[in-house]
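Next up, some structures in structure tokens.
In the two assemblies presented below, chain A is common to both, partnered first by chain B and then by chain C.
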Partner chain A sequence: MSGKRPSVAQKRLMKEYKQFISDPPQGISAGPADEDNFLLWECLIQGPDDTPYEGGLFPATLKFPQDYPLSPPVMKFTCEMYHPNIYKDGTVCISILHAPGDDPNMYESASERWSPIQSVDKILLSVMSMLAEPNDESGANIDASKMWRDDQEQFVKIVRGTVRKALGL
Partner chain B sequence: MNSDIPDPSDWIDSKLSGLKDVDETLRCHICKEFFTAPMITGCGHTFCSLCIQRYLTNTSQRCPTCMQEQQISQLRKNVTVETLVEHFSAQRATILRVVKEAAKQPIPEVVEPPSSPDLDDGRRRSGRKRTRTNYTETLVSSDDIQVECPVCQAMLPGAAINRHLDNNCNDTGANGGNWLGTKKKTKPLRKIQRVNQASESVANVRRKLQDEGLSTSGSKQTLFRRYDEWVTLWNANVDNKTPRSKSDIKDDLRRWETTVVANENAQPVKMTIKNIDDRQWVQKHKEDYDYLIEQARKSILKKKQEKEKEQQQQQEGHQKAVDRREDNEPDMKRSETEGYQVVS
Partner chain C sequence: METCRICRCEETPEEPLFYPCKCSGSIKYVHQGCLQEWLTTSKKGQVCELCNTKFLFTKIYSPDMPRDIPLGLFSHQLSISVLKSTKTWLRYFLVACKWLILFPIITSGFFFKIFKFTHQLFIEESLVDNISTFPLGRALLPQFFFTDGGLYSGLFVMTFEGLVITSAYLLTVIVPFFVREWVLNCFAFRQELDRIQEEDIKQRHAQAVVDVMRRIGGEGANEDVENVIDALNQFQQDQRNNVQHDRQVLEEMRRMQDQINRLEDQREQQARAARRDDDELAALDAAAEDNTLMAFLGFTGPLKALWQATFTAYTLYFGFTVILLFSPYTIGRATMFTIEKNVDTINYCIDAIQGIIMKFLRGVFGSTWFPISDELTSYNTKFYNPTTFGAHAFEVLVGYTFVASLVYLYMKISKPKLSVDAKQLLKLLEAIVKVITMFGVELLVFPFCCGLLLHVSILPLFGNFSDLWWERLAQFSMFPLTNIVLHWVIGTFYMIQFAMFVSMCRGQMRPGVLYFVRNPNDPSYQPVQEVLEKSMYFQFKRIIISGGMYAVFIGLCIGIVTFAYQKLLSDKAGLLPLSLDVALGDFWLSKPFFHVGLHVCLSLWLSSQIDGKQVANYTWTQILKRTCAVLSLSSFIFNDDQNSEQDPKGSFVRAPCSDSVSLRKSKNFFVEVTKDDVPIIPEKIPRTETNAEADADSGSIASNTDTATETTGATENGEEVPPLTSSDYVVVYTPPRFQPRILALLCTIWICGALCITGLVAAPILTGRFLYSVILNNLWSEFSDIEAFSIGAPIAAGFYLVASTKSGAIASRFVLVFLSGIALLIATSAACEMYVLRVVDIFIDSDTSTVARAISMGFMVLVAAKYAPSLHVPVLGPLFTQTFQNGIRTCNLKALSKLVITSSALSLLVVALPAMIGLVLDGFFQTHFIHIAIYPVILALSIIPVVWGQVFQFLELYEAQIRDKLYTTGERLHNRE
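Entry: the complex of A and B
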């Protein structure tokens, strides 16, 4: 912890990590990329069953701000993802990751926003359910939103392609 | 490294796994530590004084748990929880050790002592009696109860509250000292007022910072934020049962400046292309560019020469190797690298 006393953010993330490994949610693994810097985590998310993402294993990073948990982390998939709520660069757009006050899409109620009582496992579970149920009201990837609404078959085809790519097939 | 961070999951594998919930309940949802100076919101949720004040000043004016509107002035001390935390955290390590040791040995079954109805009755009667005496005692000694001053939020005995208010919350006078001087010599810490950025002048904030012995350097924004954080840290300290010294709080403020503020400032300044007239820029830095180009050329040349030398050596080596072995795979690899170097 760079020799100094760990900050509030670091301390809280240590606890979250410890709790996470003692009781990990199904289909999710996560942890700090480097035990000296708890502000950057790497995670792996399993594609939920009965969705086009089934069978996939998607790597992502979670970047925490210095004032965590007052502000939320930023989550970014590091593999190619085709999903209405994921920007083309992999950044996840989901209400639990938006601080109350900033609302990029003007549709979220304050109750589903980030609050310090949320935690890493809740974020990752929300992302998993977002994979299962895209929200086409807030299009982060407009093409994917349209495709999901208008041509489900083609959407599934493209997603299956990214799943195979993520698995290196 | 994880074993030295106590957290609710410590109880999971023990015989008393139910204590995980107790442990969790006694922790602040924001920092996940046991409550320090717990404060209860108007909507009934409890947080550390520092955590909730920081959140309400910097992030949002809503309760983090239920999102109801919330203001710092609505916060009240949660004394029962504070005491609970104190007792539980003092016993925690012991309970955990005992429970974990017990997990290794089979626990003998607990036998309920037989209870006779007579005994029960007697107990109940004595219990009622005790309650009654307690009640009267409370009535008699109501002046000894600590009450919070509605103006400055200092805690003082009920008997002293009227005089305290008459003196405009100033108890440092010769007469006011008698209820203080008996036990502690330190005067009670007082909360300080927040400043409103819209109505307060910079000079005023600078003076306030100076009065507290804090740094007065930085922009207007920095000064206001520094004072704001100071108020948060200080007032949270006042809520503490055993307040820390002023220099400790100053250390906290310094740490906050070095982690949070320094990090914000470290974000790269966005340079827009509009700001730069590229022709002017090239002219101004022509010498630098020329120098860099020259350096780059030189280093490329040097690398090429080195690689050529290496290749020659390798070729010779390979020739020998190929002579010895029939496997010609390394030969192919070599031609690949050769091709790459021609391109560069």
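Entry: the complex of A and C
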């Protein structure tokens, strides 16, 4: 980045970072992986209380596109996650991370989708609430979706297993 | 600090912040540049994505813009854009010609050429001239187009055929694609795919073990892979038992290594699958994206691409034809040709068998039904006529069967080793074919057969059954495709009606009475999954049984009624036969077709006035309730405990209490219990007398239902019947002699249904015939019962409305509406006659009665004016809505009188004024022609001011556009007040 004027994306992410550390939301920590490149962030999310994910600490990465904030970032958990809205490779499938143009599941209204007014803390808070309340309609992990619907007990058991694994127990 | 909601930067003198929408708080402000960039990216129009406020931009014009655009500049710009749009339209025209005319003509030409090639090789020479075509589109077009035989009609027919063929191809490509999506979405199927993959991994695992052992030269050196798989499975068992310790260590090492291999494999495969999905998605996106399609069709992009696309399309088309039709057809034709050539004896055999059957039938039914006609004997001499459409289709099928059996044999005999992908692909193909076959049978073949049966069973209404039988059969073989489509439509309509009837019954009865009929609203019903899971044999058995049920049902419930009517009514009062003058060859152009269309429109309108569903529902409830009360079945059908009905001889049984009860439990239902749900006979004994009786009974109810066969299917599977839980059943009272009572109920339903339908058909027809005999016989030269029906239906419905209302004021209101409706119809008809039909008469000779066609056309115009929302009649439209916004019953009388007065005045003006002008002009010119010509002339004259207004408006708009184009320097965002 040296010698070049920081791009709009970099500038905005810098501001967001400043804002984020001045007022960090509870249960979330995040920051750029590398001070030179603000386009890749690393974050840690606490499992929400009173959910199967309680007590867990889940690492994830946020990859921002060059034209951020016009396009949404991609969020990917780097630990194993068992959740109806998280793909098996860890990618999060949540409506506010979908650009207004594409709609993989054909049900989200435009107002639920990505818009430049969103920000890192809002995304992470949404993901946290998604952990607490999976969205039945958009299945990213069909097996988990089915399990969550039909066999809550087994679902909780598997999730507890992944939580333990994420903590390295 | 106020920041832009997009870039989070603050205000600068060059980039001020705006607040253009209702949003407030931290997202209130935005830079104009940021906002415009976001709007172009999001492609959702100039609207805030959060509060849906429309952003307001004002154009800033350059200061040197003249107040009026100079004429030279204006005409320059106008000519440029006229040229441009001419170019675009020419291009569209070219593209349309290319795809809609040239392409079909060439394709259909090619189509027939290559089939002729087959014919010359494999058909007896005497027949070659008879088959020049593969009559695909030809069979759908009305006879009308073939009568003149000129060049234009020939080209038209070819184009039409080409279009039909091309759309058929497109369908064959698109349908499997959709089915593939469904199949892949099916959970069970994905598991199957995974299983294949796992098996393969196991296989390779074992192979690796064998290889290693060979290298080591240990004890397993001579084992083959299958044994190793067994050994491995065995080994996993042994391992748990902790035996053969040293071998275990060795194996463990191998296993670890294989595990790693396997993981790598999986990862690779996942990556490959992901790549494949991506590619497919990309291809799909590209195809779905309008731009690409437009470019392919030639609307956009360089003109050269049009010819490239044409080339691609032709190649695809030719490839498809050769692979999908020509090759199988040639193979099939060759097969049939060989059979024809060599096995003449088959002819004799078939002749002999047919002769015996006919003799038998004649012996049983008498020779009137199966006459020894010429047609029949000529049909007999040649058992197989290769010139017909059916024969062509059959030969294509033979070809496919031939190829498929070859492939099957190859797979069976040489057992080629297939990769996982190939295996999965085969599995997918199999699933797709299975789904398409089952759905095709259920959605196409099944309704078609229903339509055929219905047709046969209503034949007695139209005359002598045996005469009509042969007549319709001949028509069918002459116009096979038209007939197939017609019968399919009729059958589908019937099945939908039947389903509606069943759901109506479901609504009225206690839930669970119809437990053996699948509820289409059942959320857990997944047709694709079921097709994939159950075996073909089971499904075909189910379809055949339910087809049999339908056949018996139609034959018994409709056929018997029509036969009875024929026997009872044909000699009396001339009520039967009905005259229907259906010429199936020209069906698409025929009177019946238009009348049916007209009638559908009309019944739609009427149905908004009379709530047919409610009336039907009420009637059925009454019939059912009364019958059940008489038969003491109220408890069983409605779960309605009437103590007066209960007899000490009757019993209480457990009946299913909801429609979603698992059919596998059905064996446990209808067990006799006391009123307080204590089994009378211990539950262990599987089959009691009541049980058997109940089974038989459920069978008898089931006789008219599609899915009744589920019951049989489930019980034959030999699975263990799960026990009932108390949420599955209710205890209901069944009177003694339960079975005959249910039968009596069904008979009552049948008789009432027959009476209702007869009433619904006969009342309009009789009304129409009466009207014809009294008033209309001077106007209509020919009058079939179709006309009688379409005239009689609204009048009979009107009578019904008047008769069914108790208040005299409302009844008189109806009469008023009815009369004004007739007045409106006459006025519209007169206008149609004067402005359109008489002008058309100058060019085309027509022998239809003028009044009849004027009234038909006036009627259609009225219906169109009601339904086409774009046809807003300036004054009458709002008045009409105002009058009937609350339905006929409570129509606005004031608005109605206004409507009648305005419309009469208007039609008087429209019809009488030109007539008067014509009279005046007649004095000068002394020609009768003036009376005809005056109407279109006046119409044209009255249109001129409207057209001029439009042109003026357009010019003003265009000037604004020029300003925008030439003098805009920028845009300025508006703040919200």
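Convention: the second predicted complex is superposed on the first by the 168 of 169 C-alpha atoms of A that agree within 3 Å, B and C clash if a C-alpha of one lies under 4 Å from a C-alpha of the other, contacts with A are read in each partner's own complex, and residues count from 1 in each chain.
FYI, contacts are C-beta pairs under 8 Å (C-beta built on N, C-alpha and C of every residue); 3 or more make two chains touch, one makes a residue touch a chain.
None of the values given here were measured: they were computed from a predicted structure.
Engineer: After the overlay on chain A, what do you see for chain B versus chain C, clash or fit?
Structural biologist: On the superposed model, which is not a single observed complex, chain B and chain C clash.
Engineer: Between chain B (first) and chain C (second), which does A:P69 come into contact with in this model arrangement: first, second, both, or neither?
Structural biologist: After superposing on A, A:P69 lies in contact with both chain B and chain C.
Engineer: After superposition on the shared chain, which partner residues are touched by A:Y87: those of chain B (first), chain C (second), both, or neither?
Structural biologist: neither
Engineer: A:K15 in the overlay: touching chain B, chain C, both, or neither? Say first, second, both or neither.
Structural biologist: Both chain B and chain C are touched by A:K15.
Engineer: Once chain A of both complexes is superposed, is A:E35 in touch with chain B (first), chain C (second), both, or neither?
Structural biologist: The answer is first: A:E35 touches chain B but not chain C.
Engineer: Figure out whether A:K146 sits in contact with chain B (first) or chain C (second), or with both, or with neither.
Structural biologist: After superposition on chain A, A:K146 lies in contact with chain C alone.
Engineer: After the superposition on A, what does A:S115 contact: first (chain B), second (chain C), both or neither?
Structural biologist: both
Engineer: Is it chain B or chain C that touches the larger share of residues in chain A?
Structural biologist: B
Engineer: Clash-wise, after the superposition, say which stretch of chain C runs into chain B: 27-35, 459-467 or 945-953.
Structural biologist: Only one listed stretch clashes with chain B, namely 27-35.
Engineer: On chain A, which stretch or stretches are contacted by chain B in one complex as well as by chain C in the other?
Structural biologist: Looking at chain A, the two contact sets intersect at 8, 11-12, 15-16, 67, 69-71, 99-101, 110-111, 115-117.
Engineer: So in the complex, the part of chain B that touches chain A is made up of which residues?
Structural biologist: Residue positions touching the partner: 1-2, 5, 7-9, 12, 29-33, 51, 54-55, 58-60, 62, 64-65, 67, 255, 259-260, 263-264.
Engineer: Looking at the complex, which residues from chain C come into contact with chain A?
Structural biologist: Residue list for chain C touching chain A: 3, 5-9, 27, 34, 37-38, 41-44, 49-50, 52, 187, 190.
Engineer: What residues on chain A touch chain C, complex-wise?
Structural biologist: It is residues 8, 11-12, 15-16, 67, 69-71, 99-101, 110-111, 113, 115-117, 142, 146 of chain A that touch chain C.
Engineer: Flag every residue of chain A that touches chain B in the complex, lowest number first.
Structural biologist: Residues 4-5, 7-8, 11-12, 14-19, 21-23, 35, 66-67, 69-71, 99-101, 110-111, 115-117 of chain A touch chain B in their complex.
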